[in-house]
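Supplied in structure tokens, the structure appears directly below.
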Amino acid sequence: MPQVHVRLFAGLHDLVGKRDLVLDLPAGATIGLLRERLGEEYPVVQPFLATLVCAVDEEYVPSGHLLRDGDDVALIPPISGGAA
Amino acid sequence: MFAITREPLDPMPLVESVRRDECGAVVLFYGVVRNENRGRSVRYLEYDAYEPMALKKLRAVADEVRAKFPVTGVGVLHRIGRLEVGETSLLVAVSAGHRREAFEACHYAVDRIKETVPIWKKEVWEDGSEWIEGHVPEVPGAG
Amino acid sequence: MFAITREPLDPMPLVESVRRDECGAVVLFYGVVRNENRGRSVRYLEYDAYEPMALKKLRAVADEVRAKFPVTGVGVLHRIGRLEVGETSLLVAVSAGHRREAFEACHYAVDRIKETVPIWKKEVWEDGSEWIEGHVPEVPGAG
Amino acid sequence: MPQVHVRLFAGLHDLVGKRDLVLDLPAGATIGLLRERLGEEYPVVQPFLATLVCAVDEEYVPSGHLLRDGDDVALIPPISGGAA
């Protein structure tokens, strides 16, 4: 039963009103499942899911990535740092 | 030298950190807060970042630049938090033996920072604000 | 800001002189004295200039850049006299709305300075010295 | 009878040992004639003439350019300012 720590930034942080969440997921859960759960538990996040990318341990990971207990998952909306 | 910081950026130590006795050229890029974007007047910007990952990705961009161009040094500073018009959000310094490589490598580094580093910008206008959606980062192994 | 000077070059006032509230990018180029050229170890360089004409030609390069690229500001400082390894001989700053124009215009400006501005460089090695012959300037109206 | 002021730089300055020269030229003299005269009066300059360009009043001028009394002529060997 992986429990994962989820980090929110930028617009997601504003919408959800939190910087961090904890999600309990079933064994064998992937990033794909985490995204579904997020959409269910936080409907405000739903419109963001199409362009949202996730990072685990500070690396971008695909939807099939398997989550382990204690993982640190960052939700990365389209980035806009850098310069004009 | 690589940093994500809330303090104003100081270009001089960054340039000194990339200069080598065998380099003939240094190119320093400043990303600056403009007073206008897409037809709207900007009051100020607010930058958010996933700081440890952003720092790691800045270093990864530098590794990519060093693998691709014959440069002698690369350094990047990115400021976050609230920035006023005219303030510098990004500094990228590249040194090389000759000017062509320094220009090309620095331009490439700025492009890659925009594509890969988890930093977000909110534009604040007189009558509202918006988090700007830019690049969806590439995910290794994704379809 | 344009100058030919024997004093060390200060990049900060130059960058401030080209920055505008509508610019999102500034590119600053440093030409730096290398410790080696064409296989020979360089002790120091000596720059000579036809100063009033060199200043006029720096301004002409800036006019050319402004006519060719959508930039918001251009400035150039060139140091002459004796320069040690690691010292800066040339600073070119260009501001623009976006980064691509700033990079391209700054690179173009450095190229044109080398082609048109009457400044000469002597390399001094352990065992001799030589005035480097670079570009023959184009003469208007010549065959 | 134009009398012109000639400025020397870089290697020419070193070779001739002077920063300035004054040349008396016949009426109707051009830059081309001035170059010939220089080669005759200062043989050390001869090898430089092929790549030498002249400037009058701080502008590059062709060989056919007519000289006037009091002109300020700079001898410009191939330039090497700027950057690597």
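When the chains are written out, they are named A, B, C and D in that same order, and each has its own residue count from 1.
Operating definition for what follows: contacts are C-beta pairs under 8 Å (C-beta built on N, C-alpha and C of every residue); 3 or more make two chains touch, one makes a residue touch a chain.
Nothing here was measured: the structure is a model prediction, and the numbers come from that model.
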(request) Return the chain pair with more inter-chain C-beta contacts, choosing between C-D and B-D. (result) C-D
(message) As a quick test, compute the distance in whole Å between the mean CA positions of subunit B and subunit C.
(response) 25
(message) Taking the mean of the CA coordinates per chain, how far is subunit A from subunit D in Å?
(response) 73
(message) Taking the mean of the CA coordinates per chain, how far is subunit B from subunit D in Å?
(response) 49
(message) Give me the residue numbers in subunit B that touch at least two other chains, ranges are fine.
(response) 24-25, 29-32, 34, 97, 99, 110
(message) By the touch rule stated above, which residues of subunit D touch at least two different other chains?
(response) 83-84
(request) Just say which it is for the chain contacts: an open line, a closed ring, a star, complete, or other. (result) other
(message) Can you work out from the touch definition every pair of chains that touches here?
(response) A-B, A-C, B-C, B-D, C-D
(message) Quick check on the complex: what are the subunit D residues that touch subunit B?
(response) 83-84
(request) Using the touch rule from the top, collect the residues of subunit B that touch subunit A in their complex. (result) 29-32, 34, 37, 47-50, 52-54, 56, 78, 89-90, 110, 113-122, 131-143
(message) Show me the residue ranges of subunit A that touch subunit B in the complex, using the header's touch definition.
(response) 7, 9-11, 13-14, 51, 53, 55, 58-64, 74, 76-84
(message) Per the contact definition, I'd like the list of subunit B residues that touch subunit C in the complex.
(response) 11-12, 15, 19, 21-36, 85-86, 95, 97, 99-100, 102-103, 106-107, 110
(message) Help me check something: in the complex, which residues belonging to subunit B touch subunit D?
(response) 24-25, 97-99
